[in-house]
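Chain IDs A, B and C follow the sequence of writing; residue 1 opens each chain.
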Amino acid sequence: MQKSESLSKTNTPKRFRMNLKTRETIAAYLFLSPFIILFSVFVIRATFYAIQMSFFDWTILRPFKPFVGLANYKELINDDVWWLALKNTLYFSIITVVGTSAVALAAALAINQPQVKGKEFFRVLLYMPSLLSVGVIGLTWVWLLNTQFGIVNYLLSFIGIRPINWLGDGKLVIPALSLTTIWWGFGFPMLIFLAGLQGIPEQLYEAARIDGARQGQIFWRITLPLLRPTLLFVTVTGFIAHFQVFGQPFIMTRGGPGRASYTVIFYLYEAAWRAFRMGYGSAIAVALAIIIIIFTLLQFRFIGRRVEY
Amino acid sequence: MPKLKALKYLLSLFILVFFVQTMAQDEPEPVVTDFGSGGTLISFWNGLSGSDGVTLNEMLGQFVSENPDVSVRTEIIDWGTLYPKLQTAFVAGEPPDVFIVHASEVAQFHSYGMLKDLSYLYDTNGGPLPADDFAQPGFNGVFIDGVPYGVPLDNHGRATWANVGLFEAAGIEPHIPNNFDDLVAMLQQLTLDANGNNAASADFDPANIVQWGTCMEWIYTDFESYLWQHGGSIISEDGKTATVNSEAAMAALQKMHDLIYKYHVSPEPAGFDAWQSWAGGKVALVPTGSWFRNFAEDQTDIQGQALPAMQLGPNPGVWFGAHVFMIPVSLEGEKLAAVEKMIEWVTNNQKMWAASGQVPARISVQAELDPENYPSNILIGKTFQDYGHMEVVSTAILELQSALDPELSAALNNQKSIEDALNDANKRMQQILDRTQ
Amino acid sequence: MKRQKFLSSLPSYAYLIILGLIVILPLIMIFSQSLMSNQEINRWPPKIYTPEPVFSNYVNMFKRPDLKLARWLFNSIFAAAAYTLAVFVICAPAAYAFARLRFPGNNVLFFILLATVMVPGQVTLIPNFLLVRNLHMLDTFHVLIWPGAANVFAVFLLRQFFMQVPKELEEAAVLDGASYWGRFWRIVLPLSTNALVALGIFVFLGHYNDLFWPLITTNSIEMRTLPVGLTLLNFSYGGMERPLVLAGAIFASVPVLIVYVIFQRQIIKGVAMTGMGGR
């Protein structure tokens, strides 16, 4: 900051008549320098170092760390647990993104109805879970979903449903974690959708009503197409975020039962911080990055194109 | 612009607090886990959470009151988190002054060059601790190539706890039959459906069970007990070959599976909380560890009784391990002296440790326990000496466990066939052994 | 007519009320059960309300040496606040440069930033962990602040905000002889206060909820953040003393919820604004 202050002084004296362009460049790089330093160290360097490490047998506590070429990637391709973790993560992300978007969009539409009173109240209330820490979410829901004593099963028993082993059944555990995550996170996309809905001009609706369009038609013909950019934003960011899920399986199931809730990041944690195989962990991280990049580009292509018309 | 002003004040406040806080980092504030305030401060990490930790804290409190020249800062953290934490700390060059892990992990920590040779602490090398007084085979666990790297605190391992009331209601004297058929027959009597029929009755409704004969708790250790009972082991003697898809392993896991899906005397393990269910009176015989003692006594409305581990195979056998004090190789001087003092004091006062339910490592202390107050310690300790197996020793034991554990869970939760699960586990374990041995 | 309007909004009300109940009931339930004894909580059907509440679970949180919830809460809030501050100090000038200054390399730098947005943070975890270990920053607040302080997302948003400030205002300031720093500090920043608050809330919450990084970089009980501490609480006591664990969850949530109720309007607005990329 002091450096910049001195820059302001050079503004008046005529001794240093630097040309404006040079001055602007120097100022710009002074403004940028703290960021560039941290960014180069913690993002650029780290990314390249991760790629480099993935070609080594890099076990942290052993002094000898031999170069192994593509061995880590070969192991990854033949690693059943990796593929399982990937499948679980994909499954989790898809149902969570779809579920979250559906719940959030419905809530936003309901709140946005002109006749509905207490908009503020509902917004505040429904966003509340998003503020809770993942730790709180985990240990709250692990108890609510408890098979024997959990309140969820108790409520279901009133409509004649027998106790469900939410977190203990290999087929149910991912949907159960997804439900938890939807409960936790639908508030954010709801606010985004609301903002998007408020951006749609009222005249469009009125014109449609005059033409005799029904509620459903208005939604499909006007609201949804105009919301597409918002929808794109919500699904892309949601997908990227949920693909990196870690806290929920770590706290609630520790990857179980069996490996039914192993996710990619959970497996990364196991490999890099429990077995301390940092080289293999790096290979997992690099593979994950490639997958996320591909998915992001694909999503932009597909949903993005439809946004056009 | 009042808003901006407020923001500025807020920012400067943050900066101030931030710098004060970061500077204060160098002198950590005293915390409640500190025992004593004077003399040499030593840091002590262990995984003895829950009631173990309560007992340990009592001991440390007494130790520092008798030795005011030493103070102790403990960190108690669950085992699963302790191992990575310990390794990270060693990697960072900031290990604790003393820590407790299990005897089976001595080899792994030793392979990193982390551990101090502790021969000089034993009387065989002129030290204060009587080597002959430590119970076998637990004591052997701390030796690598003839050198002791630790001081055992206890032996702890598998057992079962009976809910005496439920046994009495079924007209059965609490005991563990010495063969699988009788065991199943007993557990069937103890498993009841909503109509009060037991699992042996023709009207029994397995979809509506309200009281279980038994359940699964720490599957990995019980599986190893049953595996030994069938004459197998998870790896070969030389530690280079995984043998967890042997016939013995298949038989052991099949019997565990049968308890759940064929005889309906045990619930599916995942999602079933063994301790809480025992406390709620829903399980007659819970397989658990010696450390269950205090929890059992806390449940005042249930009369509990410790019994040996269940016998599924032809021979008796039970998994046990030892909690062992270890010192990092880098520790020297005043702190080392203080750590030695603490270890010696705790070793001489192991009787207090029996309150945690664990079996003291010293034979003379085991003999001191009176049957009135320590029935479970005495009974369980005897099973370790008669037919106990220490957890297998390997420099990759933690990785092997994390390869096997999920497969056992998958098999017992019916996600995989027993053959597939054990074959997959064996393949993974063999990869680990090929890489590390 | 009025009646018809009301009827047409009924499904909306029904949905919102049900959703609201689904949101609020679990929290009430957890609070109620955190006042139960261990015997009471292991019952079927589960008790929803206890006539004789016990407060020992809350007392125990302060008595147990391995539970430092107050400290964890402080750590989480302090680290998140310091991190947010660091993000502002580091990213706001950079964003200003991108928004308003012309300099060679502008496009290249911006492209590099854009490219890294797609790379998930997990890639940098291992190298950064090794780096902070070598710098002896493990188990300090530094480790929770600096590695993520070069927040590309924040730069993008701030750039967006700054570009909306009318250029004319700055030009007027230039005529008055203001330096680049003066233009940034006295004109652009004050005019973006609302946006800054919004971004601050967003950055704060993101940090406050992070589990992975503090899990691997903090070691001592004193340095744990709330998500890590609660996780360990669940691992250590989940199977034995459920009410204690639930009390921990409540204790950890109440301060946050109080702050939320007080600043609800700003928070909601801030989140929506940031989420929409400053639009």
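Keep this in mind: contacts are C-beta pairs under 8 Å (C-beta built on N, C-alpha and C of every residue); 3 or more make two chains touch, one makes a residue touch a chain.
From a predicted model like this one, the values you see are computed outputs, not experimental measurements.
Just to note, of B-C and A-C, the chains joined by more C-beta pairs in contact are A-C.
When you average the Cα atoms of each chain and compare centres, the chain farthest from chain C turns out to be B.
Here the CA centre of chain B is 36 Å from the CA centre of chain C.
Measuring from the averaged C-alpha position of chain A to that of chain C gives a distance of 14 Å.
Along chain A, residues 60, 148-149, 273 each make contact with two or more other chains. Multi-chain contact residues, meaning those touching two or more other chains, occur in chain C at positions 42-44, 216, 242. Residue numbers of chain B whose C-beta contacts span two or more other chains: 80, 84, 88, 91, 273, 276-277, 280. Chain B contributes residues 1, 3-4, 7, 11, 14-15, 17-18, 21-22, 25, 28-29, 31-33, 49-50, 53, 57, 74-78, 80-81, 84-85, 88-89, 91-92, 94, 273-277, 279-280, 295, 298-299, 301 to its touches with chain C in the complex.
Within the complex formed with chain B, the chain C residues making contact are 38-39, 42-44, 65-66, 68, 78, 81-82, 85, 88, 133, 136, 138-142, 189-190, 193, 196-197, 216, 219-222, 232, 235-237, 239-240, 242.
By the touch rule above, chain C contacts chain A in their complex via residues 5-6, 8-9, 11-13, 15-16, 19-20, 22-24, 26-27, 29-30, 33, 41-46, 48, 76, 89-91, 93-94, 96-97, 101-104, 106, 109, 112-113, 116, 118-128, 130-131, 146-150, 152, 155, 177-182, 184, 205, 208-209, 211-212, 216, 226-231, 233-234, 238, 242, 245-246, 248-249, 252-253, 256-257, 260-261, 264-265, 267-268, 271-273, 275-277, 279.
On the chain B side of its complex with chain A, the touching residues are 80, 83-84, 87-88, 90-91, 112, 207, 268-273, 276-277, 280, 282, 398-399, 402, 406-407, 409-411, 413, 415-416, 424, 428.
The touching residues of chain A, when paired with chain B in their complex, are 60-62, 80-81, 146-149, 162, 165-170, 254-260, 262, 270, 273-276.
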